[in-house]
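The chains carry the letters A, B, C and D, assigned in the order they are written, with residues numbered from 1 in each.
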Amino acid sequence: MMDKFGFSISKGRQINYESNDRSIAEYISEKEPTFRLCIECGGCSATCTTGNFTSFSLREINILLKRGENEQVKNNIRKCMLCGKCSLVCPRGVNTRNVVTLAIQAFHNSAGHAV
Amino acid sequence: MDKHVIIIGGGIAGLEAGSKLSGQGYKVSLYEKSNRTGGHLNDWYKLFPDRRNSSEVIEYFKKIVSDSGLKIFQDTSIERIKENGNGFSIYSDKGEEVEADVIVIATGFDLFKSSRKEEYGYGIYDNVISSSDLEAMFRAGEVVRSDGKHPKRTGFVHCVGSRDEKVGNLYCSKLCCVTAVKQAIEVKELDPDAKVYCFYMDMRMGGAYYEELYREAQEEWGISFIRGKVSEVGETIDNNLIVKVEDTLLGRPLKLELDMLVLMAGMEMSEPGEKLAKASFLKTGENKFFASADHHFGSNLSSIKGVFLAGTCTMPMNITETISHARAVVPDVIDYLEKKG
Amino acid sequence: MKLEGKKAIWSEYQKEIADDRYFYVRSCIRQNFFPGSEVAFLRIMKDVLKKDIYEHPCHTTCSGIGYHGDVVPVETTMTVVARQFAIMTEAGYTNYVPSCITSFGLYTEILETWHHFPEIKERVQENLRRATGREFEIPENLAHASDIIFKFRKEIATQAKYRLVNKYTGEPLKVVDHIGCHYAKMFPSKGVGGAEYPYVLAGMVEEWGGQVIDYPERRHCCGFGFRQYLVQANRGFSVACSREKFESMAPFRPDMIITNCPGCPMFLDRWQYVIGEMEGKTYGPNGQGIPVFTYEEVAGLVLGFDPWDLGLQMHQTSCEPVLDKIGIEYDPEEKFTLNKTLAKAKKGKIFV
Amino acid sequence: MQFDIFVIPFNIGLYFILIYSVTRCIIWFRDLSRQDKLRLQRGFFGRAFVQSLREIFMESLIHRKILRSNFRLGYMHLSLAFGWFLLILFGTIEADLFGVKHLNPPYKAIFFRFFNPEHGRTGFESAYSFLMDLILAFILSGLLLAVIKRFYSQIVGMKKATRLKVVDKIALTSLWMIFPSRLLAESLTSGAYATGSFLTGSIGYWFASFLPAAELAYPFWWLYSISLGTFFILMPLTRYMHIPTELFLIFMRNSGITTGDKAGSFSEVQTHACSSCGMCIDVCQLNSSLSITHIQSAYLIKAIRHNNEISEIAHNCLMCGRCDVKCPVGIELMPIRMIQRRGSDAENTFGNIYGGYLREKRPGSADKSNFNHSYDFVPAQEPEKADVVFFAGCMTHLTPSIKNSMLKILDASGLRYTFIDEDGGVCCGRPLMLAGRTREARELINLNSEMISKTGAHYLVTGCPICFKVFKESYYLDLEVVHHTQFIKMLIDDGKVKMNFLHKRVVYHSPCDLGRGSGVYEEPREILQHVAMLEHTSFEDENSLCCGGSLGNMNINSFQKRKIATDAALKLTRDNPDILATACPLCKKTFVSATSVKVADISEIVAESLNHVNVKQEHSPMLNSAKELVK
């Protein structure tokens, strides 16, 4: 289409809540209810070992999953070193290491077969 | 004890102050503009944070009023206070004039009229309701859309009419957040697999056990909180609501379709209170509430000696604070009357 | 949709519109987008409504396109506008009627600025004096051309030959009204019905028998924005805006769209073709696209003007479906040959 | 030839179980790796043989380990195991001495009284049958305790008996029936012939007084034989298979075979040597503090053997190792659980397991999805040269007082050190291992090893036992890895640091990964004795409690972790000491929010008590440069 008109219709940045697939977030919060307690304060991503080297942020991963924007999480989640500093810092007691583990499991399962 | 105290406003502040004063033997007459006392308490079914039934609190007030023999004049709204001699005279809408040695103003607050936020479509779209409409539904036992169906997806918009320069209210009404969380839980209680969203700018859960309620809402009831001020609401062809908000924590706009939208209306100075202030040259603050003589040690004193303030006519308060504030006026009034001799 | 809720809001936004002696100022681009519109407006004002409307031969652009395009500094624009007001005063008129929404927005903005900062007004007066030696007066009443038509919508209805009603089903035509953003979004009190639920076009449609559609994305921009469509790199946003609107109004299956701004009809109309080409998706009943009209064209059709005189053949989305629904006769061959129209023009009997 | 058909069930059972056990051991032996086979052969003919025999006697029969930790439970096992062994031994001697001829088939010895009812009249014979009765009484007393334990486990000092499967229950009843039926059979026969000693004789006499003892005895001999037979037949399906398997296990262990980190023959033997005795359930703090009682090692091993749902059990454990040191059979429970965690979460990684009689070949855990490097983003580090590398670790970064104390001590040591992960560094890898993601852990290990080896240091000091354990076990570093307590001990011994005595009463909590995990018990205790008044607690060395904050358990939430921590802290600070000392940042952080007593890491105590005078003088110029660099 680009050739015909010299431009294409830009894709909106708007999250379409309905059509997004939130099955991974539901899988996690069902097995780890504290996942729902996250208030996005950023304590975890501040102390994150991996966050020291890259733009990896567990806070952002939490909200991306809850909004069903799984693609961005898929190729980032394995960067976590599971060191546990975030769970020590979290003011809401979110079991962050289990959230990461369940997320990897969910992606692994959905890659293999439907979660 | 022949001193005469007039209480303007039959809400819980007026009842509390009136009962305590008349219990001390003073001649107290309370003027209430409507045909019922208790003010807004009658509109609320379950109270935060422990969701206790409001009838229990109403019973408390009935009892203290009857015990203290407080004289209540309903259906009379006071329009003006004028100093005369070393007392006051008040003028009612029925043309009566009554003298008194001291006046306690307890005109309370008005719930913000959500229709003033046009872009949210209150009064225009069928399924946009306010928090008090929802509370009435809870009292009736079921939450129902205009088409009679139960909403599967409900949204709560915080800060409607508060912290909003466009409607002239810069202040925070303090209680809408905890009310929203309470009502969100009650919606989930009635329909466990309903989806509930709260759109907030900040969660201000400052009272006792408010934050615990917030945690419970998240963990046990699975209510999702989206940080973003709803900009506008549109109505789809089947009367659902399209909410446009930016998820600021993700930095991206979000579009969401809901079956019902609840607007958490803030608290404003009551209209009759405003009229009374203007007519009686009583000072009001920039937030339009009555201005206390001193924020710290004179919050019960108005700008006129002998005219006292009690309850939410000075600022947004929850029930506990209102009652304590009303009780605080009693010793002030008694000291004033003693000194007046 | 509770209508009384809307009416309550509309009642708050009553706007004062002059009832005669108008000084009409044309738009820079509306002739080449929809040639018949401005001529039809003048024709309606003079012949149908018998109003005194004067169009000064030396009036210029308001330079709004330059101002919004970041090419012309604001004070220069103000001096151009001051000159317009000056020639209005010289022509003895005090009611200023711009045809373009963007310039209406600009005039409102400038008048507001002058109102709050009189010292700027003095400086502009000084500029005008040095540039042209002219003096200017603030117009007594500033109203957009669509405000005028809105004001006399009843008179037009009485003289109307057609109604916006589907001849076969008797149902009122479902009409989407799209108001130019510069009309009321910047100064809600300067628009009929305010910014959230503007009534200026809705009033006309309801008066002429149509039914107004209220769809979620009705406040969304049509995509015209100067920096959007002018710069090719941003043109994708322009189309995306229009598509967002069409996706949102599609479920309501509107029959036509009525607009009051130079850009909106142009882009809502042209982008339907582009979206069709790019994504193979067309909107409107049986996929023939939703015809887009300016309010002058709709007024002309209702008054029975010949569609081709109104220049409807310039539309990208063919309007024949709407004309058939309303039952307006038209000569299909004439659409592009225009023999009869030229003959009529020679005899000076166009728009009869 | 003395024979009666009632002995047939017994014979069938006995020969079946003997042959079955031997074949199983052969199969396991065949599956051993080459070195393990060599080790086992050497073990049979070397010093290990005697050691194994001694251990079989002390552990399999006497159950010394259980006796030491729970006398009543120990006595029950002692009486049943050792008693039965004596019964068989003396029974055979009896048959040999008094029987018709020597070297009798086993049934002759077991049913001796039936074939020689007259026996027992002369002096020596009655003394011998007195001995036999004594042994039988000894067994019956243990049996009584076993019955009680099954229904009221507290009496035996056990919080909870293990839940049994149906086949376990049948085998249990048949085991319980063996000795009473022998008692009745022998008593009736003795009654009929007026022989038998104080037990069988008196009961027999009493029976004979009102019952036709002779005729009645025969059915009880049948009962005796059948219960023996069924018990032997069912044994492979039940936990009692642990009796023969444990013998083989003892030989394997004493010849130096260890579990390692792969499921193999040795780990299979161990899973079949578990007797589900429930000792691991008793010591588990998930049980005592959180009443979680379905994940302990007994159930893990049972789940492995019966291939039930494993992932929740494997992962819901603090990995503190308390059960590992308490297991009477000496099974390496932690390595087995780690193997299970390493497998893909759902499958059972044990290749072949005897669910029942026959071995079930199970698909090994499929290799994980295509392995893409997870940590390429870590930039190569260029650490400076130094003699000592200080690796703080992730947790220590969240306990800055420990970090500063360590720096102060390192400065005082006068050694050339580098604080290698000062600006964050990379995790040591153990948390990933604890979650079973060994491949990713290996990546981190390589990154860290490369960085550390560049320093050319001789010592790697770390304050965190979690890092310490993985540095020691999984890293290949050509330098000595020491925990900071060991390092401080060296400094004290070399007289490099002088410390003022703190007049504070201190109790020491030994972190799981430092004590049980790595065997470091003395150094911390000696430092504390050197610096303060160290007091005893009933949870020292191997019995130390877990603080609950372990990274090993992701399944329990923060409230549950705090409950474990509060319970443990209460026990440790019973005599309200001034300081609860520990040697792990995670233990410190967990205890701080669980007790009002001051919690301090040993490095903090040492740093506080450092004799400042000493620090100033010994500043070598080289150290100053190193220090500037660091600050």
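We adopt the following convention: a residue touches a chain if its C-beta (ideal position, glycine included) is under 8 Å from a C-beta of that chain, and two chains touch if they have at least 3 such contacts.
The model shown is predicted, which means the values in this text are computed figures rather than measured ones.
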item	value
Steps needed, at fewest, to go from chain A to chain C via touching chains	1
A-D or A-B, whichever has more C-beta pairs in contact	A-D
Distance from chain B to chain A - Cα centre to Cα centre, in angstrom	40
Chain centre separation in whole Å, for chain D relative to chain C (CA means)	86
Distance from the mean Cα position of chain D to that of chain B, given in whole angstrom	64
Residues of chain D whose C-beta touches two or more other chains	none
Residue list for chain A, restricted to those that touch at least two other chains	12, 34
Contacts with two or more other chains, residues of chain C listed in rising order	none
Pairwise chain contacts under the document criterion	A-B, A-C, A-D, B-C
Sites on chain B touched by chain A in the complex	203, 215, 218-220, 222, 224-225, 227, 247, 249-250, 252-257
Chain C - residues contacting chain A, complex	232-233, 235-237, 239-240, 243-244, 274-275, 277-279
In the complex, chain A residues that touch chain C	1, 4-12
Residues of chain C touching chain B in the complex	1-2, 5-6, 8-9, 194, 196-197, 214-219, 248, 251-252
Of all residues in chain A, those that touch chain B in their complex	12-18, 29, 33-34, 36-37, 39-40, 59-60, 63-64, 66-67, 69, 92
